[in-house]
Amino acid sequence: MIIQLDSHISEAAQQAIEKHIKGLKYKITNVRTQRAHYLVAIGKADIDLRSIGQLPGILDIHQVSDDYQLVSRKWRVRPTVLDLGDGVRVGEGSLMLAAGPCSIESEAQMESIMQHLLDNDVRIMRGGVFKPRSSPYSFRGLGMDGLKLFHQMARARGIKIVTEVMQVSQVEEMHDYVDVFQVGARNTQNFNLLDALGGVDKPVLIKRGISGTIEELLSSAEYVFSGGNEKLVLCERGIRTFETASRNTLDLNAVPILKEKTHLPVIVDPSHGIGIRDYVPSMALAAVMAGADGIIYEAHEKPEEAASDGAQTLNFQESARLIRNLRKVYALRQELD
Amino acid sequence: MIIQLDSHISEAAQQAIEKHIKGLKYKITNVRTQRAHYLVAIGKADIDLRSIGQLPGILDIHQVSDDYQLVSRKWRVRPTVLDLGDGVRVGEGSLMLAAGPCSIESEAQMESIMQHLLDNDVRIMRGGVFKPRSSPYSFRGLGMDGLKLFHQMARARGIKIVTEVMQVSQVEEMHDYVDVFQVGARNTQNFNLLDALGGVDKPVLIKRGISGTIEELLSSAEYVFSGGNEKLVLCERGIRTFETASRNTLDLNAVPILKEKTHLPVIVDPSHGIGIRDYVPSMALAAVMAGADGIIYEAHEKPEEAASDGAQTLNFQESARLIRNLRKVYALRQELD
Amino acid sequence: MIIQLDSHISEAAQQAIEKHIKGLKYKITNVRTQRAHYLVAIGKADIDLRSIGQLPGILDIHQVSDDYQLVSRKWRVRPTVLDLGDGVRVGEGSLMLAAGPCSIESEAQMESIMQHLLDNDVRIMRGGVFKPRSSPYSFRGLGMDGLKLFHQMARARGIKIVTEVMQVSQVEEMHDYVDVFQVGARNTQNFNLLDALGGVDKPVLIKRGISGTIEELLSSAEYVFSGGNEKLVLCERGIRTFETASRNTLDLNAVPILKEKTHLPVIVDPSHGIGIRDYVPSMALAAVMAGADGIIYEAHEKPEEAASDGAQTLNFQESARLIRNLRKVYALRQELD
Amino acid sequence: MIIQLDSHISEAAQQAIEKHIKGLKYKITNVRTQRAHYLVAIGKADIDLRSIGQLPGILDIHQVSDDYQLVSRKWRVRPTVLDLGDGVRVGEGSLMLAAGPCSIESEAQMESIMQHLLDNDVRIMRGGVFKPRSSPYSFRGLGMDGLKLFHQMARARGIKIVTEVMQVSQVEEMHDYVDVFQVGARNTQNFNLLDALGGVDKPVLIKRGISGTIEELLSSAEYVFSGGNEKLVLCERGIRTFETASRNTLDLNAVPILKEKTHLPVIVDPSHGIGIRDYVPSMALAAVMAGADGIIYEAHEKPEEAASDGAQTLNFQESARLIRNLRKVYALRQELD
C-alpha cells in the first residue's frame, strides 16, 4: 500500500497516520523522493481504505498487490519520463539511443566516438571506466582519471554520460561526473549499492541480472525508488541459458511484460544480448518493435582493436546505419494501430 | 562434403565415385530429393577437390565445415522458397502467415476461423488433430476424422493446412490431408519420425525443441533433407529457461543466427513463445523485425472457450489487427538499408 | 480419483459406477493392468466418497490431488518392486546395477562385457541397438540383428537386457528379446510410444527428458501405467543447464523428491549425468546415498575404442571398483538411522 | 605462470625478474599472501622456463594453462587445509560441519542453537546479520549489534562464526567479530568485495553464484587469492534452472570437478541447494559421498518460527540425526578403495 502524504504535512499528523497503520500490523517505510513524500506499508490484513483516507495529511492511497510497490503500474499508471537536461529525454515519446565503447581507452578514442555520435544526433554516450571482469588479471578500466576526462569532453559537446558504478564508495566519487549511473548485470542484486543509489539525485539505469528474473529486476528498482530516487531506467540485456550459439539469450519477452508491470522506461542492450556483431542490428530493431523505449549498444571506431567486447561492437558505418533504421522502426511503431 | 551428381549418371560412374570417396575413409549417404541427386560424404581427411571433381558424372562439389551439410548456407547460398500451390509461397520475398486454434474442435469452429482468415487474406490455417499432452487424461484431439473434415473444408476455400504429426504410422495416414506436416517441439529429436518425413513429398515445418539448441534444430532438419525431402521450414517457438513470468523464453536471437546458417525459411511462433495473449502481438512484430520469414500463431473466435491454450490465443479482432500491423512491419523491413 | 474395481465385477455394476461418476462431470479412464482393474476419474467437483463407496463392485477409492494419479504415492504408499526373473529384483530392498556399453558393437565386445558383469555379480546389461543420434550421418546401432544376438548371449548367461526402444513399431519387434524397455531422454514425451508401452507386459525404464521437469517425468510414467503396464522404473540422467564443465547437470535433488512423490523405483545414470569418466564413480556413490534404488552406467573393455560415449565410459577395472564401493555405500545407507 | 620468490629477495633482484618477464609481453601481478610472495604473470608467448629459472631470487616456477592460476591444482597439488584455531580445521582429513539459523534473531535463539551445536560436537555456527533480500521491505538482519553479541557468545563457548559480508565497508567493521567471512551467492562476482577480502587475514567462504559457472567460481577465488589471502573455501549451493520442484538445483557434479581443478576445500550447502526441509539430509549425505569436505546447513530450534528460510531449516532432532549420519558416511568414504 502506498500512501502519498501532503508535502507540508505536520509531524503530528504524520505520526497519527503511522500509528494507525502500525496498528493494523503493517510495516512502514518512509520514502521521500525528488517528487513527493510517501509511506509504503507492507502487511497482510485486509484494510478499509476509507478509514485511513480520512486522516488529515493524506493526498492519495493505492493498494498494490505486487511485492514491489513504487515501481508498479498498478500504482502509477502514466509512464515515467526522465529529463537528462539539454533536451535529452528518456521514456514514452522519444527513442533513447546510447552508444559507445565497452571501455573508455583514450582521449583519441573518445574524440572519434563523440564525433560519430554528434554526426548522428545521438546525445548519450556509454563507456566503462570501472569494468567488472571475471579474471583479476584482465584490464579493469581507467578509473576516476578516465571518468574525469570523459566528463570534460562530453560536457564540452553536450553529450550525456552513462557509465557503470560498481561499489558504494564510488557513488559519491563519481557523482559529479556522470549523467546516468549504470548498475551492471553482476550488481543487480548488490543491495547495498542500490540503497546508496537511492540517496542520489541522478538517474540510475539497472541492468537485468545475468540470471535474474523479471520480478527480481523490479524488486531491485524498488530498492532505489524506496531509497528516495524515482529516476530509474530498466534494461534487458540477455539471460544465461543452455544455448551457446549466442553469448546470452536476449529475452525480448521481458519488454512487453515489463512495460505492463512498471511505469519506468525499459530499454534493451542488444550487444550483450546476442554478443555477435553481425546480429546486433537485427536484435536492436526487434527490440524497438517489441516496445522498448531505447537501445544501448557498443560502438567503436575499430572494433577489432577494442580493449574489450570487440566481437559484439559495431563500427561507425554499421552504427550509423543502425541509427537510421532504428528511427524508422520507432516511427512506424508509433503509427501502428 | 556434398557432391551433386548428374541426374542421368550411369551406375558404373556412380560406383566409381563412391569407391574413390570410400578410399578416403569417408562415409557416404546417398540422397535423392525432389530436386537432385547428391552424395553426402562425411570424414576427416583433407581432400584435394580437383582429384574428385574430374570424375565423370559429378556436377558440383562443396565442402561444408558444419556437422549439418545439406541445410547449410555454406553449400546453398540462395534462400529456399517453398511453393504450397495456389500462389501460396513460403520464404524470402513473402511473409508467411498461419493462424488458427490450438486444436480443431468442430465444424462450426473451423467455419468461423476460415472465414476470419479469408477476410484477412491469410491462406494457411494451423490446427491440431493429434495433440501431445503431458497428461494422459487431457483432450488429445479429434484424430483422423477431424483432419478429414478440416481438409475438406480447407480445400473448398483454398486454404492450406499445417498440422502436427506425432508418429511414423501417421505420416502415410495423414499424407493426403495436409499441406504442411508440423513436427512439434517434443518431437524435434524423434529421429524415426524425421526419417519417415524424409520420404514424403510435402513440406515439413520443424519446431525447435523445448530445450533444443539451434545446432540441434539444424541437425534435425538435416535428417529430413538427407532422407530426400528438401521442403523444410524451421520454427522458433521459445525455449525453457528459469524465467516463469512467461510460458517460454522466445529466443529471437535464433532468427538472425538461423538465417545466416541455413538457406531454409525461418518462422516464429509467438503464441507458445511468450504464452500470454496480450503480449503475443508485440513479439510477433518483433520477430518479423528480427528477420523472420513468417509467423504462426493461435487464434480462436472465443479464446476463453478454446479446448486448449486459450490463455495465449488471440480473438479475431486482435488477430485482424495483428495481421495488418505485421504487413506494415514486413514492408518496412524490406525498405531498410 | 482412483477407484479399484472388483476383478469379477459384472458389466452392469461397472456401468452403474461409470454413470454415477460421469454424472459428477468426471472424465473416466478404464485401466486394466497386470495386477488389477481401476477407473481413473478426473474432474473438479468436490465428491462425497461415501456415496460412491457404497456402490457394488468397488474395492477401494483414493483421492489424489496430483495431476498424475496411478504413479502417486498418495495412492499406493508401499514401494513397487519389480521382479525380472531369476532372482533379479528392482526396487526397495535391493540395489539394482546395470552396466554395459553405449552401443552393442560385436559378439566379442558383448562376450567380454558379460564376463565382466558375471565376475562382479551384476545381472543386468545395458546396451543400445537403436541409437538416437543428433546427426543422421552418425552410427545408429546394429538394429534387430544386434538385439537378437544380444538376447541369445544374455539368455545363455542368465543376464537381463535393458535397451532403448525408439518408436512404436519397434515395440512388438523387440518384445521377445528384451527384459526391460528403455525410453530415452529424447523420447520421454513421445506419447505414442508411451501409449504403446502401456500395452506390454515387460518393465519400462523411463529416463527423464533432457530438459524435462520432475512433474513431466511422472506424467510420462502415468501414460504407461494408465495404458495398463504397472512395471515402471524412473531414471534421473542429468538435465540441460548453462553449465558447460559437465555434459549435463545431474539433478540428484530429483531422487528424494521422486521417492516421496511416487511408489516407483528411482535409479540414476551418472554416465550421462556428468559425462566425464573420472567423475562417474563419485556421482554414482552420491546417487545411492541420496536414496537411489539403482545405478545404470556405461562400461566397456576399452572405452577409448568405443563406438560412442567413450569419454564417459568406465573400463572394467574402474567398473569393478565402483561395484564394490556401491555395495558398501548401499549397505551403510540401510543402516543409517 | 606463477613465480614464487625468495621471501628475502632484494628489490634489485625482483626488479630484474619483472623486467625480464615484461620483456616477454607478460603482465605481472605482485601477490604477497600469508604464506609466500609470488609473481603471477599472464601472457601468451611461449617461454623458456630455464632462462627465467636461473634468475636470482626465484624459488619455483609453474606454468598454469587455466585462466585462474593461484587456486589451480596444476600449480599446488596438495590440498589446502585451513586452521580456524582451537583445533577446528577445514579441508582434507576432517569433515567441516557448520550449522545455524538463516538469520541471527535474538540472544535466546543463539543460546539454544549453540547448545545444540556443542551437544553434537559441531564447532562452527552459521548465521546472518546482514541479509540480502530481494525486497527492500523484508527483514534485513540485526546488523553489527547482532554480530557483536553473536561473537561474544560464540567466543565464550569456543564456537567459530561464519557470516555473510555484503559490502566493502563492512569488511573492516566485521573483521574482529568473525572467524570466516562468507561471500553470498549474489556477491560471487562483486569484484570490489573480493578485492577487499584479499587484504584480510581471515578465511573467506565463497558461495557459487546463483547462475555462476564452476569456472567463474574459481576466478572469483582467484581475486581473493591474488589480493593476498590464501585462506579460501568454495561452496556449492545450487544453481538456477528451469526445475521448480526444488528451490535450486544442487549441482553435485561441481564437487568432483572442483576437487580436481583446485587445491581449495569444497563444501556444500544442501539447505539452499534443495530448499525443502525433508530432503536436506539426503542431499547432505550425497554431497559428502560425492567428495565434499564439509556441509553448511540451516538449523533452528523451531524452524516454523524462523525469521527467514524456515521451509528449508532442520529442527534440532533432525539436525542431530544428520550429524551422526554425516560422520558415518564420511568415515565410509575414507575407507573406500
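The letters A, B, C and D name the chains in turn, as written, and every chain counts its residues from 1.
Here, a contact is a pair of C-beta atoms (placed from the backbone, for glycine too) under 8 Å apart; a residue touches a chain by one contact, two chains touch by 3 or more.
Every value quoted in this text rests on a predicted model; they were computed, and no experiment measured them.
When the partners of subunit A are compared with those of subunit C, the chains appearing in both lists are B, D. Across the two interfaces under comparison, B-D and B-C, the one joined by more C-beta contacts turns out to be B-C.
When every chain is reduced to the mean of its CA atoms, the largest separation from subunit B belongs to D.
Centre-to-centre spacing of subunit B and subunit C amounts to 33 Å, using the average Cα coordinate of each chain.
Spacing of subunit B relative to subunit D, judged by their CA centroids, is 49 angstrom. Separating the CA-averaged centres of subunit C and subunit D is a span of 39 Å. Counting partners per residue, subunit D has 211, 215, 240-242, 244 as the residues that reach two or more other chains. Across the complex, subunit B meets subunit C through its residues 27, 29, 40, 42, 67-69, 132-137, 166-169, 186-187, 189-195, 210-211, 215-216, 219-220, 222-223, 226-227, 240. If you check the complex, the residues on subunit D that touch subunit C are 211, 213-215, 239, 241-246, 249-257, 260, 273-274, 276, 278-279, 282-283, 285-291, 321, 324-325, 328-329, 332-333, 335-337. Within the complex, the subunit B residues that touch subunit D are 211, 240-242, 244.
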